[in-house]
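A, B, C, D and E label the chains in the order they appear, each numbered from 1.
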Amino acid sequence: MERKAKKIVIKENYCIGCRLCEVYCITQHSKSKDIIKTYKGKGPVPVSGICFEEKGSVSFAIQCRHCDDAPCVENCLTGAMYRDKETGRVLHNREKCVGCWMCVMLCPFGVIKIDRAEKKVVSKCDLCIDGAFPACVEHCPNEAICLVDEDGKKIEKT
Amino acid sequence: MARAKSACEFVAERDESRCVKCQACVRVCANDVHSYDGDTGALFSDYSKCAGCHFCEDICPTGALTIRRNLSDTRENANWTKDYIYKIIRQSENGGVLLTGMGNDRPYRNYFEHIVLNASQVTNPSIDPLREPMELKTFIGRKPDRIEFSGAGKSGGHVLKQKIPPQIELESPIMFSAMSFGSISLNACKSLAKAACDFGVCWNTGEGGLHSELYPYSDRVIVQIASGRFGVNPDYLQRAAALEIKVGQGAKPGIGGHLPGEKVSEEISITRMIPAGTDALSPAPHHDIYSIEDLRQLIFALKEATGYVKPVGVKIAAVHNVAPIASGIVRAGADFITVDGIRGGTGAAPAAIRDNVGIPIELAVAAVDQRLREEGIRNQASLIAAGGFRTSADIVKAIALGADAVYIGTSALISLGCHVCQKCYTGKCNWGIATQDPYLTRRLNPEIGARRAYNLLRAWSLEIKEMLGGMGINAVESLRGNREQLRGVGLSELELKILGIKHAGESW
Amino acid sequence: MEYGQLKERERSGRVPSGCGVSGIMNRTGKVFSGDGILASICSMTERGNGLGSGYAGYGIYPEYADNWCFHIMYDERKARELVEEYIESRFEVVNEEPIPTRKVDALKYVPLLFRYFLNVKNGFAPESAAEEDYVIKTAMDINRNFKGACVFSSGKNMGIFKGVGNPGEIGEFYRIEDYKGYIWTAHNRFPTNTVGWWGGAHPFGILDWSVVHNGEISSYGINRRYLENAGYYCTFFTDTEVITYLFDLLGRKHKLDFELIGKILAAPFWSEIEREKDERNREFLKTLRIIYSSALINGPFAIIVANSTAMVGLNDRIKLRPLVAAEKGEFIYLASEESAIRLICENPDNVWMPDAGQPVIAKLKG
Amino acid sequence: MKKTKYLIIGNSVSGVNCVEGIRQVDKKGKISIVSDEGVYNYSRPLISYYLGGRIEKSGMPFRDEGFYGENGAELFLNARAEKIDALKKNVTANGGAIEFEKLLIATGGRPFVPRIEGIDSAKEGVFTFTKLSDAEAIIKYIENESIKNAVVLGGGLIGLKCAEGLIERSIKTVIVELADRLLPNTLDKTASGIIEEALEKKECGLIKEETVSAIESRGGRVEGVRLKPGGKTLKTNLFVIAIGVSPDIDIAKAAGIKHGRGITVDSRMRTNFEYIYAAGDVAEGRDSLLGSNAVIAIWPVAAMQGRVAGINMAGGSAVYDGMFPMNAVDIAGVPVVSFGITNPPDTGEYEVLEKKGDGFYKKIVLKNNIISGCIFLGKIERSGIFSGIIRDRMDVTSFKKELLSEDFGLLVLPKEYRKHMVVGEGIEV
Amino acid sequence: MMKINAEGMHYRVLNEKIRGALESGLTDISIEGVCGQRYIGAGLKKNGVCITANGIPGNDLGVFMDGPEITVHGNVQDGAGNTLNSGRIIIHGSSGDLLGHSMRGGEIFVKGDVGYRVGIHMKEYKDFYPVIVIGGSARSFLGEYMAGGMIILLGLKKDRRIAGDFLGTGMHGGAIYARGGPDGCQLGKEVKVFKVDGNDKEKIRKYAERFAEYFGYASEEILKEEFFKIVPITHRPYGKIYTY
């Protein structure tokens, strides 16, 4: 199994609290992938895969760590939460999800978002599976989130 | 009702068709210009608080914001401009001295814009600096007039009779000006320090002391010894690449400095070696230098303290008598002399001083270089020019006028994000530069800052190489003082004479 | 345009020029006629434009070997009177005479040309440089302060002959073939920006230094200010003038040998210095370059420098101008083109191209 | 006699994780699994969703079909393990014996059925609810008999989930719970109250502090149940007994394997026989909050124990350092997550922080500034952070006042802890 | 075969004679007493023509030439083969600076050493493939700005470094092959040294054999020593220096 694990590193000392990561995450996971259309269009605005935290002058944005021993994957009752064999990413299959919240309970980072009405996990970072590069990383104005490979080497957008 | 609300200098225009109400602007403005009303879902902007720093404009993901000058104006009046009127209004409110930040913003003649450069055509070849060797290496320090050596050594080589006085070696004749930790954030210091080290030039502590997180960059630091002597101890002197006695700065010749106690944080307190929360006061003069011979005493005190292995320089503001003063400084034993022109920047200075005291660096460099040459002591000290270098061409011109190297301050800060809003003294720099507020300082990621400042050094060095190549010169030392490469445009005879250059149209 | 105006115009500003150079030396000091140098320089007609040529010969005045010899050109009789009065105030005049010339129709403006064999009035201590400084001062004073006069040669047992014309014309005019010397250098000038002035032709000389130069130097401005700092007055505004003074400063005053002068004028690149393995040598080279940074000659040049003891060829450090050297027996040849050597020395023992910035040094034996 | 290197009894989460654990260490050794069920694998907790019609059977496996083949594990379905010969190292199943080198007992739990009057004569309409076959039987019964209402005995996790499944099938359901609240092991009265309201909206009946004392049947078919102590009779044709499960230890007991309530295991999931392991609902492993062994019949524990057992069986080294009870559940549209001790004894050792809002409730139970348990109801998204804090027995003194805050997150935690959470690249603080 | 004695002859006269001879249909011209005459063969466009020059031709030998072959018995001065389009120059002596400046096609063989900036800005185009083979050593800036074609540097004399500094500086195409490798030379930042592959060896063999034939060497001796290839590592080494 060839897998090149990529992770997003959070540099909390440099998060400026603008929350643009969320804006770009939402846009990237929208139908149009255009900010203005995403927010001002008719369709529903997607939920970002990012948990933004702020306390006093400190803030950061955290998203799924794609843990090597991901408890959300290991304990998923339906296999909705799974590890993509090719990329090593932890991904979520909405179709399979029944909303048992096992993953929510076990994620020590608390980064899985739910939709109560639908009874499904609604959003979880997929490292922008549709894009070449995670949108939050690309657009973070202060490089407070960076993409690294499994050796911790920074990956730049090419 | 003489009271007036403060002048709205700027307006933040919001294009509602583009605004997606992400509220990034609300979150980032340190001046609280923008606000979001949860009830109505509307965004408001209070222009009166806007400093014109453009941070919100740059952060807005949809380009919905544009900062413009507020067009509201007073009646047209050649003397009583809006600026002067509002200054009086502001002063009438509290009876205080007007403060400002950055360099002189008055429209004095900028001689750089009246000097043009030469290029080779036919009679000698221009050089392609990308492929052919092009050397910008510069040494700062005292040089002997001639070499002294004893005949052939064992291996047939020459043996120097004595080492030449200490030099600092620069890969490009551009250094970062003195900017203290205090006047700028630690992240800004780190950015510049790292860029300087990565590029092989020097940075300068200002009189802020040397924070321990900056130790990794101390190989290339010029430390300042200023009137407040903040952070000065043997360790500080020992770590440095060179020492600089700060007598004056271009933005406020004859004026001291004052870092208010509320900005003296724990970190600054440690670095400056003063109790946290107390005012850091730099007296106007050094109270151990009331005359030139006292300067000599301090220069040699520093040389003694550091074992004569580091160049010791003196920084002065360019004032009327700059050339003889410089000569005196060189004769007092300085290894380099820094002259800071009237456009030199500052974190805070009385506007009246900043805008009216001193002379332009172009004239000062020309006068000092010429004076030192006339006295036959030009070799004895390097000349560093400072104060308002905005482009590589300014640097080329300064070097051709006689500078060995230049200090860049404002342009370095612009590379870190500064938009020259001139509000440094408020401590609310949205770009995380001229502030100690942890919420704001984190905005300057030193990794990015170092990369950007490095890029500026690289870009300007490349441009300098291009200009040198055009002149058919492949080592910057052949530009230094080479005023033949300059011509004035639209300058009076007296100005040309002071600059020591011919007018455009005159051939060799 | 009158001759005097030309001079003023040329002397009011710097005059760069492209050129051909040639030099011959017999290292044992055996003198030989100027025929060879004449033929050699004349073969490189393409390198000049008829606006200046000249020759320097060493060993040509054996009968006045111990006297300073000034070659002076005058615009007019009045200038001559004033200058001679000044010279007499400073020197004992052993002999004075017009420089022998032939009439050459092609030469339209010809200044008054005189030579003076002189002794300093009050002797100086033998080893001191004071006498030379005195001579230089006199020559510079005349060139600076006397309108219409120009000292263009001021050494001992050597002479410079130059003027506006092609090398053949100037050679014929000055009767170069009549002189015998052990070093000859010559120049064929291709000035830009000007129609040429007699005083501005090469070789340029001060004391027994003479320099012929091909190229234009971009560092002129700073080289000149550096020299002015060292007490030289640059009155000719030519590259050759500053090169000559640099040799005088570094060679005579700082007592550096030609190898080192080469390393100053055509300094090795920093990258080359860094590659020097011997640390002491590296330190020396670095120091040399730091101290003499303003003496670096930047831009293209190929020069032949001579004094009474040596002839030296030197290129700029990236070799932007041509220079070829050859040896045959005790003779050494330098020229811009190999053909200019082959013409007068059909089968040299050795022909080579000097490395950039590496001086070719031919020293007088014994 | 068949031979295998690894034999696993039970094909639920422990068994499957055991296979993966073995394969982490031993890529080749033969693995055999015996299961008394007829399907290759499925998540037992999903049976309520199946009952409710929210998922198909095809959506129930927690490993895909290729799992056994890919891992070189032979699966014997409908093969009930009848006997373990611990000394001879073989297991009798389906009449044949299988010889093993290492054995895992992962027989899970068995529904607890209390003694109720008339239970033996009620052949039709009385069910338990722990296996897929139970759900299938209920569905079949409902469909065949056109059942319209039901009574579920037990307001614990199984009962509630069963009730929810029935409600989704439009069966009018009444839950009978002996305690004074729902999920008595997990929730307190406040939390229960919120869920009760939600159930009420879904027209689900709830009778608290009562139990079923007798089943009334006619012709072997349930007609109603009688309550105790109230004595009231509820008419129904469908009665589900969903009080809970107990460890299925009979076979182990017979083999002389040491046990308490469940099979006693050490930190490597070994029984008193060094080549026999146990994991999951049948095992009595370490409860990190109690500090002693206990049966914690929850999915994550079963998964973890199965994996640890597998690694150790294959010669690797893994330690199960104990877990604690935790539950995630969604009842009537109310998501609930709970950890550890949520109803502390009134001994004065415990400190309780709680906050109730519109549709949400949060409760933290502390002992000596270390969290013993908590309840998140309504808003559960960041609750996982507590799983780590409780596991690591972190002292919360420095951020106690933030514990109930609306925007509780990682930032509230001390920097050192954030560093500790992420080994290597992750969060730079 | 036509013989011209060029002694004392101006280059205009000499070139006039050469052109005249070619126009009259001659294909073989021998010039004696060449000494400094510039532009020999300048702009000549004709195939199958051989010019032999005995002596020292002046600058710009064969400039803009397109077809003829010039053999020089003697050294050549600066700029030989300048902007050569096709044809061949065989030099039995050494060369001055700028040999093959901007040459687009054709071949130059030099028995001895070459000066500075040899092969500067050589470039190949369609079927044109310029080649310089140097028997001795080269000075600095060999192959500067080189954009195509090949330079083979044999360094047979071994009396000095095979090349000077700034070897291949600004090079963005073509290849320089150095016998024994460019040890001790400062390379341009755009190039790196690689081992030669079979393809390279074939090319080297072809030209080494020709070199040996012209100058009387044994090609096996030449090919005995290992060759190294100096080629640019990127086609756009300066892509990141401009800001738009």
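Miscellaneous remarks
The rule is short, and it goes like this: contacts are C-beta pairs under 8 Å (C-beta built on N, C-alpha and C of every residue); 3 or more make two chains touch, one makes a residue touch a chain.
Just so you know, these numbers come straight off a predicted model, no measurement behind them.
Common neighbours of chain A and chain D (chains touching each): not present. Using CA-based centroids throughout, the chain positioned farthest away from chain D is C. Between B-E and C-E, more C-beta contact pairs join the chains of C-E.
In terms of their C-alpha centroids, the spacing between chain C and chain D amounts to 104 Å.
Chain B and chain D have CA centres that are 69 Å apart. Averaged C-alpha coordinates put the centre of chain B at 46 Å from the centre of chain C. Per-chain Cα centroids separate chain A from chain B by 43 Å.
In chain C, the residues that reach two or more other chains under the touch definition are 269, 271, 318. Within chain B, contacts with two or more other chains are made by residues 132-133.
Under the contact definition stated at the top, the residues of chain E that touch 2 or more other chains are 141.
Touching chain pairs in this entry, ordered by label, are A-B, A-D, B-C, B-E, C-E. Partner chain A is touched in their complex by these residues of chain B: 18, 20-24, 27-28, 58-59, 61-62, 432, 437-439, 442-445, 447-448.
Chain contact summary for the complex, chain A toward chain D: residues 7, 9-13, 51, 53-55, 58-60, 62, 65, 71, 74-79, 96, 98-110, 112-114, 116-117, 119, 148, 152. Those residues of chain B that touch chain C in the complex are listed here as 120, 122-125, 132-133, 135, 137, 139, 143-147, 149, 153, 155, 157-160, 163-164, 167, 373, 376, 378-379, 400, 471-475, 477-485, 506-508. Those residues of chain E whose C-beta lies close enough to touch chain C in the complex are 35-38, 55-56, 58-59, 75, 77-78, 94, 96-97, 113, 115-116, 139-141, 164-165, 186. Put simply, chain B touches chain E in their complex at residues 128, 130-133, 459, 462.
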